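Heads up, the next two complexes both have subunit A, just with different partners, subunit B and then subunit C.
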Partner chain A sequence: MKTIKLLATTVVLLFSGVNMMNSQTTGLQVMQKVYDLPSGKDTQAELTMTLINKQGEKRVRQLKQYIADEGSVEKKIMYFTAPADVKGTSFMNWSYSSAKDDDQWIYLPALKRTKRISSGSKGDYFMGSDFTYDDLGERHPDEDTHKLLREETVDGKPCFVVESTPKAKGHMYSKTITWVLKDTYIGLKREFYDPNAKLLKTLTIKNFKKISGVWVILDTEMKNVQKNHSTTISLANVKINQGVPASKFTERSMTMGQ
Partner chain B sequence: MRQPYYFILIGVLFSVMLTAQENKPVFSGFVRNYTGILTKDMDQFSILQNTFNLNVEYRGHKTGFKVNPYVYQYFDKNIDFGLREAYMDFYSDKLDLRVGKQQIIWGKAEGVFITDVISPKDLSEFLLRDFEEIRTGVTSVKLNYHSGNHTIEGVWVPAFTPTLMPETGSIWAPKLSFPINPTWDYSTANKNLTVANSEAFLRYSLMSSAFDLELVGGTFLYDDPAMHLTKQIDPVTRQLTSLTVRPDYHRTNMAGGSFSVPVGDLVIRGEGAFYDGRYFQTVSPTAADATIEKNFVHYMAGLDYTLGGVKLSTQFIQERVLDYEVGMNNDEVETTMTFLAKKDFFRERLWLELFAYVGLNNEDALIRPKVSYSVADGVDLQLGANLFTGNTGRFGQYDDNDMLFMKLKYSF
Partner chain C sequence: MKLTTKKLRIYSWIALVVITLGSVYFVREMTQNAYMETDLDEYMPKEHPAFKYSDMAEEWFSIKDGILIAIENKSGVFNTGTLSKIKEISVRLQEMSQFEENDIMSLYTADNIVGTEDGMDVQPFYEEVPGLKSEQDSLRQSVVSNDMVYGRLVSTDGSVALIAASMKDDVFDEAFYEEIMDFAKSYNGDGDVIYVAGRPIVEGTMGMLGPQDMKRMVPVVMIVITLVLLLLLRSFRATLFTLISVLISTIWAFGLMSATGVPIYSVSTMMPVMLIAIGVAYGIYFYNHLNRYRLLKPQSGDADAVLHTLGVLWKPLSMAAFTTIIGFISLLTSQVYPIKYFGLFTAFGIFMAYVLALIFLPSSILIFGSRKYKIKAIDDNPTYTILNRITDKLLLNKKTTLIVTIVVIVISVIGLQKVWINSSFLDKFEPNSEIVLTDAFVNSKFGGTSTLNVIVESDDADAFKQPANLRLVDQLQESTEQLPKVGNSFSLTDYIKRMNKVMNADKEEFYAIPDNNEMVAQYLLLYEMSGDPENLVKVVNYDYNKLNLTFQLKGDDSKTINEAIAVIKSFENEFEKNGLKINYAGSGYKALVFSDLILEGQMGSIFLSLALVFILLVIMFRSFKAGLIGSVPIIITSLISFGVMGLGNIALSTTTALISSIAIGIGVDYAIHFLQTYSVYYKKTKSRHEAIHETMRHTGSAIVSNAIVVIAGFLVMLFSVFPPNRMLGLLVSMNMLTSFMGTLSVMMILVYTAKLFRPGKKHISSNNEINDN
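This part shows the complex of A and B:
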């Protein structure tokens, strides 16, 4: 299934220490380790997304995000706080461990109405950023064919380098290449290639930190190398396993904006 | 300006705000210039309006309030100041109580009012106002009971507020045809503030993975007036000598519901309502005052879909008069469709949008192309057109009102 890990978890990569693999390590094993890393029962964070164009001009979006893992379903709700023209908008996503499509709703304060929206467009860019909904999600290893290309160091840190090719035809990326830290299994860098096998985007993790026992990515950058624009995402006030009530993921909560 | 007691209410609410112990009040709103010209005479403005809209909201742990004053300034008429909303909130684990002037929006239809009957419409610019401005607030008490994703909502509206119609002489005033110049009698148009004239509504709503559902009911005074005619006929010449028009608002009962359900990449929406008794105009000689009461149903089926990054939406809407009689001004069945296509460019900096109402009975339409450009965060420039086609019908009657417009909006 495709769990859309919107933002925060996005870049999510919340990874604990894992034993080193032996020389028989395969690409699938590496990516399965990445996928299996725990992300906590619930997460709260304030998120700042900065869109930077090729002239260096910045547009900033800010939101609060709550995520809870309820077993077979992972629920997220986001409250937009800036800029002013989207303030008060909220977005909720329920993602299932089964093959069921995600459920998504949006509340627009001008309409004063919660509207169900289609979750089919995972290739769409989120809020005009360089991240698609799919980029922000947690892609199951079974959806791709993985190949361990090599081992190399990035900034002096040893990494596995894994190439992942989608099994399904028509995917927006022909392949991705991921640099995974050998000690923590954090994905440190990822390259995305377009359908013509040309490099399209590069994802780079800038800062990560252990919070309440799990690794959290705090700063990340996605750069579109073909169009020369980028998006950074920064998390602040991150709280893990502090308890997010079920009532947070309701129409009432979307309407109230908290 | 009107209703100066609003200032007193604002003062009281600000006092509450200043003594609030928990969160800070939040100020937001917008300033907007809206300029339109008629295409039939490019020298004539259809609208030249400046708007200031302020939202002051406070939300504490157990209480909150919101005040939404607005000012419309025009080039050709008096400044219009009012309160779109002014209410207080009281929260508990399961119950929310909201008291005061508020907008209450029900249903799943977009741009169409089927079960969405609590907040009266502001039709002073026909259907052209932005969504948050086309519904007026209504003084009411709203109580919500929540249990998970189930909600029961009860609304009591003590004072009747009718649809706000265009002023006499406005280009949006609906065309009324009388054989002679009538005398207007407003003796029954102003409803007394009595419990008997109050309105009550009930809604059950569910948000679930499989579908969203609303079931609604209400007893209320219908917001649009019935025009009761009294004719004086000369007994000798049999000519009509005088005509009196008496607008009146009549009670009706409504039951209905709406749903939305995801099916693959589609979202299917539906909404319907049965009205137990609504007044219609008729020329039937058996109707003494040119009105007749009939039951009425109003329903919609809609689809939302995204294709190649273009958000598409369409709705099929029908209004059906039950036990229809010849002579009624309305058609027995009136069918309307809506279409929406919307796409963004340059990372949500530029939006192209096309929205259209199409009336199938009269082959008329309102077509609304629009380009929006985000000049900076919170600053939007819109260029668009409102194009009416046809000669008769809900949209065709405004065929002379085709307009081009520009809106510059600063949100804060």
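This part shows the complex of A and C:
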């Protein structure tokens, strides 16, 4: 099940009753807890994605997005609301829990047609941002070996610091280091290291809030320190488990706007 | 007198110790700090607005110079072996720290934007190397049908594939040059031939050959000069000390360069030859005067002879040295740093040669003694009669001489207008050298190894989502591509046209800019969602109001770039109507601006050195007329020099641009010696005729031997591996020849006819004059 979670554009659910960690806590346990946080059935939100290049130029996009978790498939549909020249453009993604590749569609109002597009590989950057599809998706803890490096406080909040190294060779990151809040198991910060073990990107969670009983990350920033490029994602008007009909995730619905 | 001799010997020892210590210091500096600058960007003035703009644009669009690795397989590149090599080379380059992963462009890394039944796909051309013939054929098909790679990454005849790797800044050095060459060449074989081209490779080759050339030339020039010196001085010891003194001046010049942190530029590799050729002349003057004194007073001691020689020599030698120094110092007017430094440090070297001629040579005689010179009496010198005969002939045929001179000047002026500047770095190499042949090969198969970046800007955000603007850019690309030397061009329009086509069932008529800006914006969004958005960053900025057009050119010379710019400029008005500004960037354009600066600097330094030499002559001889007449030979020399360059199709380059100021600085020596001697004799004899004959007899022969040495020294440059250096040697030699001939013919006639240095009307003595007609 490919729920979008910790590093996602969207939501992290609070796993209740987690305060049972003791001194034998391992890195794997921490990451498993993070992974095991159940997600909401559906989510709606207004999303603003801002890309900032090294010259300080910004590219701002606003979207309205709907996500539904149907078990074996997670469906997502996004409608562009700004800039004006792409208003009405919509993007739909079906992500399967099986090995099957994602299905992706795009509707271009200027062309008045819905087109399938090939899903990029997991290492591709999403919409020119600093997030890869992989960063946005979920990574099963079994894919990495985890090591609890230390415990420390970030902004006065106690955190576990876990280093995760991919088991498979040739992954785009040689390792990641994650700061996980001890009380909520929300990842506050993550560092991504390139194959040469040099720091590549830093993800920072700037703002999160409990909505309808679910922890929602509202503001995140991903900064590529090597390219001096960054992406911020902010959510507004988040609605959790308000019911999004299955008919929302159809090609027909893409053409009708939000 | 005895006491003086003793004191003089002490001074001599002190001088020798100081000179040795200085030399040791400078040799240490040289061995520790000297380095060759091969980054051509370092040759250009960074504060110049054109360079500033280009640097900015290079930053916006990460415009970098690329190494081009071409892999040729005569039976086509679409076979397992060649495709594997393309993949392996690409992957291994991506892993090298000198490249960014995104900057390696090849068939393996390229995005293939294709239309599918129900949409659009951006996919690699291949990931796993296709093993089956049918798979290879379908790969070939997808390449041929994609204008974004066909003819760009695979040649249109299918026999060559290109891997273009843009380098990070400042990572190219000699070690990496060798590493990358070895790496690329290791893929030779199995029917595949590897070619490596691109500007970094040109720079690297130059960096390798430059010092090699210098190492080879110095011994040759030493041998030639030694032979000439032995012939002229007829003394082994005098030859040795002259050589030591010019070597020391060269060491000090290079040592000072290293001590002040100035790198060795390609032009500086000519310094040793110049310093040696010019410096030995001072030694010749010194020993000639010493000899003459010895002949007159065979019983005189060393101290006596040396003191006398210095007394006679210091004034004309100072004049000769300072005019030459002025010639080199005038190069400081150039905005081009390598030329500035070349002028400055060569001037210092010449100053040292001059100082050493006045200190080291006398000291060496006082310490080590001197041999008896086996020199013939000057009056027995056969040049005496020849030169006097020539003098009479010339004076009798003044009109003919002047007419011939005027004809030569007219022809030169005609030739002068044909002089062109060449900023090409490739043209510095042998036409049949590997680097030139490789470049020609890659140019014949692809768009071109040189690039010109055209930057279009608008004040309005999203200007380049507007179809009207994009169409204009598209027309500009199309018109410029009509030029034979413009291979192809690449910009945002190519992406949009390609996407418009594949989104419309691959129909050829849709290979065009769509009609509304929403469509453009949505295509771009689509590309960002499915492709590698970093590729777009190289053609347009985030606000869609700065555009980078890349033109591939088949030559890095000024003519090629100027032709392309002329076409682009013709679009300026139309662009302006849409609020679009055109600017230029990239290494090709910088080289062009650079060559204009060279010409500007050249003109500046010629006029400056002429003016300074003129003023010096006026002051020295306290006569305005002497200044004018003394400048005649060098003016004629400069004109002929440029005339020959124009008529002989020899381009001005960073190297040949140096000629005139050098020629003026050295050439005027002859005039100075001539005028100096003439003024003395004229005062003594009060007869123009006698004075001119005496001058021709004494100074004439000195000038001839000086010219022989300098010409011989500069002709050594014919052994250089760099054609422009050979040209320089040839031209400077020719200039020396024309200045010495001009001095002894036209100037001599003018001195005579203009009654120069006539003390006053009452002193006129015309009885000795030969008939004017």
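Rule of thumb we're sticking to: the second predicted complex is superposed on the first by the 238 of 258 C-alpha atoms of A that agree within 3 Å, B and C clash if a C-alpha of one lies under 4 Å from a C-alpha of the other, contacts with A are read in each partner's own complex, and residues count from 1 in each chain.
Here is the rule we use: a residue touches a chain if its C-beta (ideal position, glycine included) is under 8 Å from a C-beta of that chain, and two chains touch if they have at least 3 such contacts.
None of the values given here were measured: they were computed from a predicted structure.
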For the three-chain model obtained by superposing on subunit A, do subunit B and subunit C clash or fit? clash
A:Gly128 in the overlay: touching subunit B, subunit C, both, or neither? Say first, second, both or neither. both
If touched residues of subunit A are counted for subunit B and for subunit C, the larger one: B
Looking at the overlay, what does A:Leu149 touch: subunit B (first), subunit C (second), both, or neither? neither
For A:Val225 in the superposed arrangement: first (subunit B), second (subunit C), both or neither? neither
Examine A:Ile106 and indicate which partner it touches, taking first as subunit B and second as subunit C; both and neither are also allowed. second
Does the superposition put A:Gln55 against subunit B (first), subunit C (second), both, or neither? second
Once the shared chain is lined up, is A:Phe80 touching subunit B (first), subunit C (second), both, or neither of them? second
Which partner chains sit in contact with A:Thr89 here, subunit B, subunit C, both or neither? Use first/second/both/neither. second
Based on the superposed arrangement, let me know which partner A:Leu28 touches: subunit B (first), subunit C (second), both, or neither? neither
Where does A:Met256 make contact in the superposed view: on subunit B (first), on subunit C (second), on both, or on neither? first
With subunit B in view, single out which of the stretches 112-120, 364-372 or 400-408 of subunit C clashes with it after superposition. 112-120
Please report the subunit A residues shared by its interface with subunit B and its interface with subunit C. 51, 53, 59, 83, 85, 105, 109-111, 115-118, 120, 124-125, 127-128
Would you mind writing out the residues of subunit C in touch with subunit A in their complex? 59-60, 97, 116, 118-123, 462, 465, 503, 514, 516-523, 525-526, 528-530, 532-534, 536-537, 541-543
Residue positions on subunit A within touch of subunit B in the complex are 51, 53, 59-60, 73, 82-85, 87-88, 94, 96, 100-101, 103, 105, 109-121, 124-125, 127-129, 229, 246-247, 250-252, 256-258
Touching subunit C in the complex: which residues of subunit A? 51, 53, 55, 57-59, 80, 83, 85-86, 89, 91, 104-106, 108-111, 115-118, 120, 124-128, 196
Touching residues (chain side subunit B, partner subunit A) in the complex: 28, 30, 59, 96, 103-105, 108, 130-132, 144, 146, 148-149, 151, 205, 207, 209, 212, 260-262, 264-267, 304-306, 309, 344, 347-349, 377-378, 380, 409, 411-412
